[in-house]
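Please find one structure pasted underneath; my questions will follow.
Each chain gets a letter, A, B, C and D, in the order it is written, and its residues are counted from 1.
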Amino acid sequence: MLKELINHLAEPIVSFPIATFLFYLMIKHYKTFGSKKFATWFTILSIPVLIFFFADPNFYLIIKTPDNVPIGILLVLVAFFTWFTMHKAAINDTRMEQGLEPVEAMPENREKVWSWPNLVYTELFAIIACTAFLVVWAIVFKAPLEESANPTWAPNPAKAPWYFLGLQEMLVYFDPWMAGVVLPVLIVAGLIAIPYIDTNPKGNGYYCFKDRKWAIISFMYGWLILWVYLIIVGVFLRGPNWTFYGPFEYWDFHKIVAEFNINLSEFIWIKGLGIGMPKNLVVREIFGIILTIAYVGFIPVWVARATSFGRKFYIDLGPIRYYLFMTLVVVMMSLPIKMVLRWLFSMKYIIALPEWELNL
Amino acid sequence: MAGNGLAKKVRDTQVWKSIFRHGPPDNARNRAAVIAGNVFLHLHPIKLKKSGVQLGYTWCMGGLTFFIFLALTVTGLLLMFYYRPTAEYAFNDIIALREHVPLGIMREIHRWGAHAMVITVWIHMFRVFMTGSYKPPREFNWGIGVILLVLTLLLSFTGYLLPWDQLAIWAITVGSGMAKATPFMGNAGPGAMLARIGDFVMVSDKNDVRFQLLGGRFVGEPALLRFYILHCVFIPLVVGVLIAVHFWRVRKDGGISAPL
Amino acid sequence: MSENNKEPGMAYNMSKLHKVMAILSFIFFVTTIWVFLDDYMRPWKGYQVEALKIQRRHLDAKIAEASKNIDANKLADMKARLAKGEEIVASRKEQITKAEKEKSAIAAKIKAQSIVNGILNGKVGASNFGFETAEAHHEVKAVEKNFKNLAELKVAFYKGKDDLKAYQAQLKEVENKIADLNKEVFDTQKEIKDITNILELLKMAHAQTDISPVFALRNLPFIDFMDPTIKIRQIVVNNLVDDRYFRQVPKVDRCITCHTFIDQPGFEKEVNPFKTHPRLDEMVGLESKHPMKQIGCTSCHGGEGHRVNDFTTVAHMPDSEKQEKEWIQKYSWKEPHHIPSPMLPKSQTEASCVKCHQGVELVPGATVLNEGISAMEKYGCFGCHKIEGKQHKRKVGPSLLKIAGKVNKEWFKSWVWEPRSFNKHTKMPAFFRQSNNSKPEFVKLNIAEVNAMAEYIYDKSKPYEPNEKYHGGNAEKGKELISQIGCLACHGVDGLEDQSNAVKAYTGPWLSGIGSKVSPDWLVSWIKKPWHYQEDTVMPSLRLTDPEAQDIAAYLLTLKNKSFEELKFSPLDKKDRDWLLADYLSAFDTNASAAAKVAKMDDREKTLDLGKRSIGKYGCFSCHNIEGFDGYAPIGPELTKEGSKPITQFGYGIQHDVGNTRGAWITAHLQNPRRWDIGIDKVFRDLQLMPNFYMSETEAKKITVAILGQVSDPIPLAGVKRYTAGEEVYNDGMKVAYKYGCVNCHKIDGLRGNILNMYLDDINQGPPRLVNEGHRVQANWMYHFFGNVQPIRPWLKVRMPSFNLSTEDKNRLVAGFQLGAKQPTVVEPAEFVKWLPGEREEAVKLFNAYNCVSCHAIGFTKETPLAPNLYKASERLRPSWIKLWLKNPQNILPGTSMPSFFGENGTEPSEPSYFGGSAEKQIDALAKYVVELGLKEGAK
Amino acid sequence: MSDTKLALNRREFFSYVTVGWVMFSAACAGLGAMAFRFSYPNVNFDPEMEFLAGLPGDFPSGVDERFKATFGVWMVKQEGKLIALSNICTHLGCIPNWLPAELKFKCPCHGSGYYMSGINFEGPTPRPLERFKIGLQPDGKIKVDKTKVYRWEKGEWENPDSFLNV
């Protein structure tokens, strides 16, 4: 029963809001989250949970797959370092609230020390540890090797390498031109643009949260929820036919999920207006087109004009930076929006123009 | 540690002196000389702020990424002795590495190292963001870093095909399938159907970006060769150059970031 | 530019630097353009443009023809009708708009319903899965819940489906209605299209040959990666391979890049490379046995099929000096270098057939090759040169085991010395008096050798006494007999030169000077019963009566060679003999001790020893049975892979005028094998030995083709011609048929039948042609026929001989024919004759109506029969063949005197009043009747 | 040092610089284009995706299985239209059977069923079978091009290249 509940909770339709909510809690109470006490309790509590999880044969089967091991490692590291940054930020923020400098700026930490042996040895230790780790990893887990290549028979599911599974998961909601091309390009471009958008001079060279709240929230949300979370779903929870399978669910080939998605135009013309689909493509999709233009073009303007924090942003950043930033945010948020639309309304495409290979 | 008998004798030889131009790094002068006089170590500054050497601050993820890159280069070079990128042999050669090549475990190290590098480079970026180290004067170097991250993914992706098993070709089929949808440049992308005059199809599966990447319409032998060359020569060269730029800029932009 | 312009700290004037930069950049830029153009200009592109023009010309002609075929009046009429129809339809505009509206309303309903159905479909599937999983896990509650849910869903689902079907039916109805409303227009449009369709297609094809801006754009440098129309075309033949350093790589032929129309009929009159391949039904064509996509080009033609850029490097080879000159002028052709197997010149292409067609005597359709193989058989090349698959060939010369009983020793020596001086047609080659052994000191040694060989052979010869006596006969009658009964199928005969030259027989010797060669008694006994003298001879008996044999002998004995009779051969010079022996022995010994060993032998021993060594040296045993040479290996090099032998391994001596190709060397070698010794100072024992056959150039070239096909190219199992079990047996049977010369008289399945050249006026006077003979005759009958030949066609002068066949050979022949025709061994004729009621009576009438007995007279009338005995038919023929034969005999044997009663297709009986005019029933009835005749005869 | 001379020098100076660098950039771009063009081979060895299917008159109404084994195509003639239907089940890629008695394609793996037109009507399959490009050559023979696929759910079956009027 508990397992079924967890299976159910893991479904993206449930787990995504949960993850978002947890993210909100973490940000809201980052000092609690960043405390050693939290870490200790979390670790202690997670041990029985992990044992419970690992005891399940279906979960164990997936987690021990050699190619899934790096994701496990990634998870542990991400969890630890997320806590760790928050821990450090909490300390620094508390210090700064008290009018002190951050830890990194304390005189004893500003002191200049010799690279030899301080730095060189640290590096050497890291290298040795890393090498040892890699060797052990290589001994314990054989690199995967499946049947010889056979172009006439595709394994099911056919998955991309794990670091691209976030993109593949996006394919559920977007067509390849968006999920595979536009979004990745925007991610890279957005990352490169970060220093030019974020003109906040504070927080350079030390951990903190308060000084650069919005920067950290946007980045962490993209990184943790829209990237790492989607990878986890793609790796562990997507089985044959890219159908969802709970962590304790057996990957039954024949699983069918009731899913029939409808385009916005169909919604409006058929369900709403009750007349047939117009022949002209642009007319047919006019609502979607208007909506999209409004979303990308209108929302940033509206935010800048109508909301107080938007106005502040606009003034702080200046028009170019502001619109650049807002476009990126709007595009980034299109993914969760599309997800929600799918779950609530079985929405397939906002703009459905398969004739032009232009679906959105 | 001017040392006793033998060690001192060795240090006094002309050969030793020709290699190491300074005494043991137990005093300020020699500590500086170790770093400055060594082509590899002089990547580092002679002295740096204490926060910069604290693992708690740097996590050493950038350094590890670079080290894993070097480890991958070495293991990769060695693997090339046994691996032939042809449809007939690729799979058999991987089997050979698994079954009978002495220390064929090199392949496991190479593969897991590749995954580890993806992870370390991501976490490196995470750390750099969290410490705000992309801020002026380090904007440009952050950009280089992002490009290096993308190249790391591409390196891993191109290497994924080489074992030439089902996992490989279908992962690449799925992955490269996205290129088909590139607007205006992929045959299934928006706008592709505009690029035609009569029966002259300018963007088709015979000439789009995916074809260029794979050297064919399917993941076939030409794709194997192309990915091999990209994986072993082309991308590593670019990465090497960019790493040099990255390091150079770290030094020129004031070393590891610290509070202003 | 004064010094003043220089800034401090500058070594050069800036403007000067810019100038240099500009000049270098310009050069750089030009080279970049140059390299693009250099890459772009490829000779094959010109051919494709030319091909486009040719195609355009052809399409122009076709369009003109197609337009002519369209009846302009009719078209105009239709167009008028169309206009009228449009008017009518326009008057129904309101109805049509209404219907269209109705249609879109239904379409909307369908769309809505399919969404509903889609959702239901998904739910049913998911719910079903939930139900099944629950049941599998025995979760009773969940099962119940799911089951109920599923049942409800299914009701809705099926209802939805029904609704959809109803809507679809409505849609179809409306569509039909709309179509009906537009009927006049649609129908006429369709009619117009039916007429103009071909023309439209041709016009479309024509448009594709336009040299338009789009065409230019598609083939522009750099852009031509997108979708060029001018491109390299290739055939990848996975079944056949090229050999690349121990690895077999699938063959890739790009010849069709320039040979654009090679597989398309209609371009026969164009010049190369735009010509259609000859005989498309046999080669290259899609439906031929050798389709281009499965066989490729270079598998037959040789050369470098994967190259496209240079006429020379693909290794085109000219067929003649004229062509060579033409090519040099046209294509700057050079002799290809660094190419192991250049293309075969056109006349030698047939050589490649041998690669795949192995284990057969001849390859149907390969005229030159077959003539080459036949010539090799004639000269007995296989005796001295081993060729895989040809080891079964008999020795072409007569046995010398009883030679002393046939010719005298003096004649023998002179013959061996120079066979042509006795018989200018002989196949026996000349070993002596050749270009490399005509020096007096060599001639002396040769004389010693000939003497010694004769001594050896006569020493070993067994005694022979003829079993017949010659009493004298009528030479004129004999000559006539020879020309009529079939001797000429195997022998050319002096005095009958015209016929002999027409037949070109070679199985037996050309009969010349017989009177000067053998004794009359020997001759009579030989022609009456050849195997009395030589058990394994292929010479058959023609069942000659005594007077016939005497007459023939009489004629042959008139053929004399007086001058040869008078020759006296130089006696054995003992010194030469001893020298030769010592020369042999000194190979393993010092000269002195060799001489000492020779000195120890006695005189006779020395002669016989030299004789045996000489026979071994010249390889006489390869063609003649000679005692003491069992198990001796052939003396010539093996030719199985001669066609792949590197050209550097061919010894040219100083013969620089011979072309530097395998073919040229082999042809030259065949015409004068000793030529490579010319101008080279060799000792006696190193001289070239291959004898001179005095071949004509044509003959040598044909043999060259046959030898060039012997290549080492490995042909993968998937690509080689594989014979069925039946075909294998047939091929084996053919080996017997070719050995005994059956094919000299009978044209078997279209091959050989040399003697038929004598009967060009009336082919029915010659021996019958055998087409699918295993189907025609019963296996049993054939077997017994070989053992006891009975004339079937008594009106023929030419006789089926009686061969001295072994049981095994008879069986091979019979099985070969039978299985080659895929027939069972036994057919029970009685089974076949099962009359329907009243059928037999009508059959008799029909038999009389067609007047069969007017030719098949035997047993019916006293007329001279012109066709075989029908009473023997059931014993001899297979009923199914009789039917096939009756249907249309011309199909089987063109030119036969048997009339085609049923027309060309075998469906139109010339006597339609019987059996309701059904050809099939008539044929069936006649066949039954004929078979029944024989059964009755058998009963008698 | 007159002004005119200086102006001349300037113009000269300017033009040489422009010509030099424009040429240089163009040439470099040209070399880059070369590298790009180099990556598209002039021949390739992909399996054959086109075949000639004889004359339209060769096909009786109904499903023709002549090209199923060799090219994976059913030729279906129905209501005056000839189509080239892919024989890959859109569910999991098995190969359905043609059941002439029931006038349907039935996949033996998971029971998906399709009408003669290729439309799915039963079983787990999500969408209809795919159609291939079909057209006439000038010599009247049918040419089927498997590189171009027409999918019903994209509304592509209306495309005139997806069927042949006979």
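Everything below uses one rule, namely that a residue touches a chain if its C-beta (ideal position, glycine included) is under 8 Å from a C-beta of that chain, and two chains touch if they have at least 3 such contacts.
Computed from a prediction, not measured in an experiment: that's the story for all the values here.
Comparing chain C-alpha centroids with the centroid of the full set of protein C-alpha atoms picks out D as the closest. Remark: subunit B and subunit D have CA centroids separated by 37 Å (rounded to whole angstrom).
Each chain gets a centre from the mean of its Cα atoms; for subunit A and subunit C, those two points are 71 Å apart.
Averaging C-alpha coordinates per chain places the centre of subunit B 62 Å away from that of subunit C. Within subunit B, the positions touching two or more other chains are listed as 204, 206-207, 218, 220.
Residue positions of subunit A with contacts to 2 or more other chains are 153-154, 254, 256. For subunit C, the set of residues that touch two or more other chains comprises 125, 225. Viewed as a contact network, the protein chains are fully connected, with every chain touching every other.
Residues of subunit B touching subunit D in their complex: 204-207, 211-212, 215-218, 220-222.
By the touch criterion given at the top, residues 208, 214, 217-218, 225-227 of subunit C touch subunit B in their complex. Those residues of subunit D that touch subunit B in the complex are listed here as 36, 39-41, 44-46, 147. Across the complex, subunit A meets subunit C through its residues 252, 254-260, 262, 266, 269-271, 274-277, 346. Every residue of subunit D that touches subunit A in the complex is listed here, in rising order: 92-93, 110, 124, 153-155.
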